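For clarity, chains are labelled A, B, C, D and E in written order, and residue numbers in each chain start from 1.
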Amino acid sequence: MTALLAAVPALQPPSSSDLVGLLPELILGGAFVALLMLDLVVPATKRTWLAGFSAVAILATMGSVLWAWNDAEHPRTVYYGSFAYDRFSLFIDGILLGSALLVVLISPQYLNRRGIHYGEYYSLILAATTGMMLLSGASSLMVIFLAVELLSIALYILSGFSRMEEGSQESALKYLLLGGFASAFLLYGMALIYGETGHTQLEQIAHAVANNSLQSNPIDPLLITGAVLMLIGFAFKVSAAPFHWWTPDVYQGAPTSVTTFMSVTTKVASFAALIRVFSYTLPGLYPQWSHLVFSVAILSMVVGNLAALSQNSVKRMLAYSGIAQAGYMLIGLAVNPATDGGAGTVAVLYYLAAYALTNLGAFAVITIMAGRGEDLDRYSSIRGLAFRRPWIAAAMGLLLLSLAGFPPTAGFFGKFLVFSSAIANGQTPLALWGIGTSAISVFYYLRVGVLMYTKPEAGDERYEWSRTTVSGGAVIAATTIGTLVFGVFVTVLYTIAVSAQHGLIPG
Amino acid sequence: MSLVNVLIIVVSVLAAMGALGVVFSSQPIYSALSLVFCIGMVAVIYLILNAQFLFVVQLIVYAGAVMVLFVFIIALLSPSSEDRPAFGVRFIIACLAVVAITGTVFVTARNGVTYSGDTLRGAVVGRADSATDPAYARNAFDFSVDNIDGTPGHEGPGNVQTTGGQLFTTFLLPFEITSLLLLVAAIGAVYLTRRTPAGGH
Amino acid sequence: MNNEHLIGLLCSLVLLFPLLGSAWNGLVGPVAGRRWVNLVGTASIGAAFLVAFTLLANVMTAPEGEKSLTVSLWQWLNLGPIVNAGQDVAINVDFTIDPLSVLMLMVITGVGFLIHIYSVGYMEHDEDVARFFAYMNFFIFSMVLLVLSADLAILIVGWALVALSSYLLIGFWYQRPSAVVASRKAFITQVIGDVALVLAAFMIVTRLGTLSMPLILANAGEFGHGSAYVTGICVLLAIGAFAKSAQFPLHTWLPDAMEGPTPVSALIHAATMVTAGVYLIARFGPLFGQSPTAQAIVACVGMGTAVMAGIIALSQVDIKRVIAYSTMSQIGLMISAVGLGAYSVGMFHFMTHAIFKALLFMAAGNVIHSLHDEQDIRLMGGLHPRMRWTALWFICGSFALAGAPPFAGWWSKEAMLGFAANAPGALIALFFVGLIVNVLTGIYAFRLYFTVFRGEPQTAKVYAAHEAPKVMLIPVGILGCGAVIAGLIESPVPSFIGNHLWQGISTFLEPVVGHGNEPSEAVAWMALAAGTICSVAGIGAAYSWWEKNRGRASRIAGRLPRLMPVLSFHKFYFDELYDAILVRPVTAFSRAMRRVVEPRGMDGWVRGTAAMFDDLGVGIAERQSGLIRDYATYMLAFAVIGILFVLGLWAK
Amino acid sequence: MNEQYTLTTDVFPYLLALSAFLFAVGAAGVLVRRNPLVVFMSIELMLNAVNVAFISFGRFLNSEEGQIFAFMVIVVAAAEVVVGLALITQVFRIGRELDVDDLNELKL
Amino acid sequence: MSTSVSWLSIVLFLPLAGAVALQLIPGKARVLIQGWTVAITLATSVIVGLLVLGFNNAAAGGGPLNMRYAENHEWIPAIGASYHVGMDGLAAWMLALNAGVFLLGAIVVSRRETERLRLFCGLLLVTETATAGVILAVDMLMFYVFWEAMLIPLYFLLSNFGEKNRGKATLKFVIYTVAGSLLMLVAIIYLKVHSPTNTFDLEAMLQNPGPAEGAVPFFGGHLLTPQQFAFIAFAAAFAIKLPLVPFHTWLPDLYESCPPAALMFFAGVVSKLGAFGFIRYAITLFPHEAHDYQGVMLTLAVISILYGALMALSETDIKRIVAYSSISHLGFVALGIFSLNSAGINGAIIQMVNHGIIIAGLFLVLGIIEQRTGTRDRHELAGLEKRMPYLYFFFLVITLAGLGMPGMNSFVGEFTIMLGAFQTYWLLAVLAGGGVILACWYMLRLHQGLMHEPLQPRAEQVRDIGVRDGWVLLPLVALMIGLGVYPHPVSDMTRTTAEHYVTLLSPIPVPVQIIQGDVK
């Protein structure tokens, strides 16, 4: 322990290599600040330019992530172990940036129709993305906490972005109060872990837990309690049952483009942290936390899928579906990291990518179908969509099938890999729960599909769906095609996920 | 039991009472005041635990800025209705949770954690050598402590200096993130409370 | 060209002529016009008859011991090894030419040809004559296939095709609901027989490893004499035969089958198809010989059916139904005969019966035709002066049917009685029952004649009746002559003409079916005498009841216990019984299943599961109250539970 | 006599208990209070509880990280308060009661 | 045919490529669209035909299944999945049926689907690829992918073109099917994980059977061995697809609301894939379990036969009658398969193809009737023979084939199946015979109900079928008769296959070398 402490060059200013390790985050953070400035000069009617700028910034960041991917072949930590410069975080960054890009592309039209097109929107999206990217690489409890808060606060504001709308405000306040509540749990868990191991850097915590150089010997209940509390905090963020309560309400109330963004990115970033903390920092406590992960996974699958059955709003249904999907991802977390050879992590990574693509596409459809001043997400308002927007409906149908896990879509291989890892590591019951609930999930996904293909009755209200813009169409096409491509040419993404798992810090 | 320990326990009890005041006050303003009191008591504990910097931050930022903001908002919105916690299922669950959490943590902390010695190295209030030097014995508020690596900091920087130094080196990244955080919060506050839309449609 | 090839060619031809005729009539006929249809329809059968004649000649001239010849056309199916590894069970399209099949062939094509000619006249006014001849030709094809096939599977094919053509012809007037129902009933009954045959085939093939009939018959002993297994096979075969030959308990379809046009009744439901059961049992004689039990069952069922049908025939009022029940009765006699092992006699009666029963039907058809589809005998009477020729041939047929010497029926029927008198053990009772049948036959045959042709006309229609056209009279006449003289071929007469060519039908069939349990001369004479007396007594009774003292019949009936005429008139309530115990329960069960089991049970568990999940889902979604404090409560509660749960597990 | 001024590990469980108590009472406040402002204060209480834990651990571990973490928590708390209060005023401004039970438009 | 060309891949992906290319044709060019679709399906049929003809001469693969034209490429090497296609005797027939039925489907399509023809044709082609994939796949993951992917075009077809209640019916169908196949997915993964080769390759797995020991942990209990669990999972998936009673309720609803043109290949091919799966996977991979559960499966098969027949007897909707008849007929197929002897399996293979032909013809005829009279209620239809003599003829032949008339194709299959069942247990054949009798009853009830009795007012004005329909029906009818009169060449090929499968499932594992020797 002393040796490790000595290894930290105390009171030395960080070097430039630390900056390189943080390059994507720096670019995006810089863009965030620049956007704030730009907002002041761009005229109110030209705010679409801001979207363009954000897109360019995101693309630039993606470029740097690509560069860093090669650079990070030998992973290391920067800023005294606060931040991991490894392919795992870059993989997650890629998903996050891709999602953010797509969201930025569909936003202008939506915001204009809803009458809330302000420059702050893009700033906050960029800030939240920055926070998530920081979370994906965070390798100290402190950075994890701050990154979580950064993304959360940005999202609280985004949820309430429609200022004069009660639903939006209500959802924001709910998110904020419950989010703060859950943050306290997360934080308390961190405190306990810090107290037991004496460290906040994950590498050192991992070392301490692995070598049993704890304050108490053997493993102490306070350490376990700390891990459990952290798990609860993260479970809240990934919206896993029974800590999912905010999800449906917030997803429904928030502006749809925001829901699109946060439904995907929060989960991706939080899962990155979950994996890093639990599978790689605290594998020694697996016998303890695995029980909780099991229960949470099963509860999420059951609660999410069952509750989704009785919904009548697409946004809410997708919220519950998101809860269920979190449950499936948790299966990948529930396999013993010490013995599975990284299969669970790879499976979750694949699942995350597939989920991001698919869920984003599904929400994007709702986003670009929005009416003037209102979201058209009720089941009744998408009835007969296929007869007026055949391609959109077909894409939505395919995306829903992917969410349900039909081959040859990416969603299938996500589930397949997760179940495989569970079965290969002796967790067949989890896989059985997974398939049981998957079968249920088909119902509500396809019910939406069927609704779109139901001929509207003569007396039905004729909804004013937006016209599909080029960018909106491109987003839907990209997600749909991507869903198919990753469902057939699995090896591409799988190989990347495998190399992302290699050298994960702390490994 | 040393006097310091007794002092801590007394302050703790006061802090706990303040906490209960937050929850049980019928008016938000009383809650806010109870919270200020609680925060103040906690600050005292910080001081005893050699966290002088935090003691100051707690008082200035928390008890000062944040709570004033609360009071200001309470005054602004002037909620009319009285809001006393009702005795119901939630109340019972809350009480059980209080008992369970406090009990669990206390019991496990007492039985489980065995820190290396009865008296911690550097755990003496004041200078490390104050135990042997009666001249410093009463000076419980001499804000200095051992170095972080355990070597006695006879001439070393005080607590505030150490903390500051760490903030700008080892913990630079978190520190920088907080700046981003505050910026975001500021944008949010400005955006949300802006009365007339500055643009848009 | 050696003999085998020639026979193969002839077999193909005898099958192809009707088949091509059928195809031509069905596909081109409607366009080609009535004249062509009539020509092709009859000529194809005529050609088949000629070929059949050639085959007969071939068999007759074949040297002793080579009377039976099997030719193979193509392999139909190879079932692979069933019994022994390496020995494939091949089902070939094989045909057997032997005296038995040739006899059948002659009757089928001969009588068939005459009936086709008759049909030309009978169907003159029908629109769908092309379809009619297509079906008729197809029937001949199927029947020929049945009798020629040398493989049990192919026989089953022919067996079923016969049923199909019967179905098509019964339902020929498809716009009559009764015809539709009757055709379906006939077909379903036939399918029961088919299934029985198929099961019999399975029993045979899993033991013997072959379905080729010559091989089966040659190895009939393999099953063990009197074993339960062989009895099972024989009973299944008999069920098939009963279904086809309208024997109890599968007899109810035959009277209903009279819904078809009269030539159909003559051809199919009198002369040929219904006697296929007799043929089947005769063909499988060696197998039945292994199972006395099965033989006894067959004999008793046949005789029982004969009595039952005779009694029913006494009280029916539809002219065709009376003849139909008489057919049933006569076939019962044949079945009984083959059950007793008297194959040649049974076949002999089959032949004579084909002639005189076709005659009767066609004569009845003439009557119906001239009365414009009137079939109720109570509304006829006094037709004799108006249809002299028809009446003449009808009375010839009636005498043949009743068994008055020296008409055809007399020879065959009294010979069968001789066998019955020689039956072993308790089966001797069959002889006495047979005598009763003789009496009954005489009564109902002449009841019909007297009621229809004698007495006073009952309706105006009768006064307008006129003799049938020549095209309908000539075939009747030919058959009428046959009914008078056909019996002579088994009499001593032919042997005077040319001993080397023909020695009677039993000698002709002997290579195939053997002699059976021939009665001694004394018994035969005794039976002949008794049978003749009974037949004549029956005719006399009919004369006295329906001709001499009209109305006496009903007085006699009134004196009988009430039950007897009622049972007779209602055909022993078999239709009602089957309806009550088979049809209705099945349909009711089916309906109940559809209304209850399917939605509640089969779909019920699906819906129930779905509903359960739905309810659970609603329950969970209702927890989502929208209240922050509720959410926080749940979260806190679950957090505490989670911590205690994990710590509890750890403490263990 | 010096022992009078010596902080011993005996007190450590009590400090943690205080932290846990504050945390739990804060959580209870979220459960039982309806005024969003008070709910918010309860959350602040919970964060304070965490800080107590951090600083006690830091003291007993003789490490700086606890204090720095606590400092970060205070910053975050302040940021959250800013946003939270802004939201509460906005909710109040668009016509809702200051009552979290009134925020139940979004549900099944 | 040269094996250097990847013929099977061409067969597999030609329709898909055709579907993609179809989107380039403008939607108004109806003739072009249909022409293209027919051309693609025709080309596929021709290739398949040639492959089937050249089957005996093609180089044998030599694995346990002795695949011809096999192709094996990497797909996802990291998880042991490969792109492995091949054709054995079973696949040959299924593929031939597949190609033929889709060709007919493409021909009859345009007149019925007047709207959005391009979409319909595209989905039809995609479905063909999916079903062909199921048939050709030798890799189990690939099989599963195609198995499930098949639902996607079907789902779109149903939701776009279905008739009333299509939503409910589609949901029921998809969920039912998915529930079964997901279980199968777990079993597939389980097998792969525990197989010595750690791949999804079917042939590899047959050579190195998986774990016989141990137990599958369930919700707290250990009830089944891994092999038993896997067998049950596979059987569930296939039993639902087939379907066997009591897993059948999706089928009548679905057929009722399925568009007529899609019904042809739906009923013709898709439901046969369950039977295909039973032979190819369920009994081959788990010979012991197949024998253990033989009684259960045979019971279900017999229940399906009788239950389906009884349902068909009292149903009034003509499509539902055929749907229930289909259940009954597929019960025969299941009966044959689980006789577990060569006669039974041979009959099942023959009957699969036969039933595909018959049901396609039946639905074609009923579709024409429904289209021309505008009703499907048996009570509202009668006496159509008078107005539609040609249709009557075709319908008659198809009806007879449907009721197992000797001399028609289905008799060959049913006879062989019943023989197989008889060899297993005589009572099964007797009960199946009961099914035959009921089949006769309900088929005649259907046929006569529509065609006979006095003409109903509704049918007063209907026209007879035209030349075009005649040309579609003629080959079907010719096949029904042809295969009934001269089944020997077909059945010889299927019998070889069946005997091969029987050697695979003999209770004592047969060393692979001996199997190869037998086939050569």
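Please note the rule applied: a contact is a pair of C-beta atoms (placed from the backbone, for glycine too) under 8 Å apart; a residue touches a chain by one contact, two chains touch by 3 or more.
These figures come from a predicted structure and were not determined experimentally.
K.L.:
Among the other chains, which touch chain B and chain E together?
P.N.:
Under the touch definition, chain B and chain E have A, C as mutual neighbours.
K.L.:
Going by C-alpha centroids, which chain is farthest from chain A? Tell me that one.
P.N.:
With centres defined by C-alpha atoms, farthest from chain A sits C.
K.L.:
Averaging each chain's C-alpha atoms to get its centre, pick out the one most distant from chain D.
P.N.:
C
K.L.:
Name the two chains that are joined by the greatest number of C-beta pairs in contact.
P.N.:
B-D
K.L.:
Specify the chain with the shortest distance from its C-alpha centroid to the centroid of every protein C-alpha atom present.
P.N.:
E
K.L.:
Averaging over Cα atoms per chain, report the distance between chain A and chain B in Å.
P.N.:
For chain A versus chain B, the centre distance works out to 32 Å.
K.L.:
Compute the distance, rounded to whole Å, between the mean C-alpha positions of chain A and chain E.
P.N.:
Comparing mean C-alpha positions, chain E is 42 Å from chain A.
K.L.:
Taking the mean of the CA coordinates per chain, how far is chain A from chain C in Å?
P.N.:
Chain centroid spacing, chain A to chain C, equals 78 Å.
K.L.:
Go ahead and note the Å separation of the Cα centroids belonging to chain D and chain E.
P.N.:
Computed from C-alpha means, the inter-chain centre distance equals 65 Å.
K.L.:
Using the touch rule from the top of the page, what residues of chain C touch 2 or more other chains?
P.N.:
Where chain C meets two or more other chains at a single residue, that happens at 621, 624, 626, 628-629, 632-633, 636, 643, 647.
K.L.:
Multi-chain contacts in chain E: which residues touch at least two other chains?
P.N.:
none
K.L.:
Give me the residue numbers in chain A that touch at least two other chains, ranges are fine.
P.N.:
Each of 142, 146, 149, 153, 156-157, 160, 163, 173-174, 177, 181, 195, 215, 221, 225, 248-249, 310-311, 443 in chain A touches at least two other chains.
K.L.:
Return all touching chain pairs.
P.N.:
All chain pairs meeting the touch criterion are A-B, A-C, A-D, A-E, B-C, B-D, C-D, C-E.
K.L.:
What residues on chain A touch chain C, complex-wise?
P.N.:
173-174, 177-178, 181-182, 185, 219, 221, 224-225, 228-229, 231-232, 236, 242-243, 245-246, 248-249, 288-289, 291-292, 295, 303, 305-311, 320, 440, 443
K.L.:
Spell out the residues on chain E that touch chain C in their complex, using ranges where they run on.
P.N.:
Going by the criterion above, the answer is residues 172, 176, 245-246, 248-249, 307, 310-311, 313-315, 342-343, 346, 383, 385-386, 389, 393, 400, 403, 405-407, 411-412, 415-416, 418-419, 422-423, 426, 429-430, 433-434, 436-438, 440-441, 444-445, 448, 451-455, 485-488, 491-492, 495, 498-499.
K.L.:
Please give the residue numbers of chain C that touch chain D in the complex, ascending.
P.N.:
621-622, 624-629, 632-633, 636
K.L.:
Help me check something: in the complex, which residues belonging to chain D touch chain C?
P.N.:
Spelled out, the residues of chain D in touch with chain C are 27, 30-32, 34, 39, 100-101, 103-108.
K.L.:
Which bits of chain D are touching chain B when the two form their complex?
P.N.:
Listed in rising order, the residues of chain D that touch chain B are 1-29, 31-35, 37-38, 40-42, 44-45, 48, 51-52, 55-56, 58-60, 62-68, 70-72, 74-83, 85-90, 92, 97-99.
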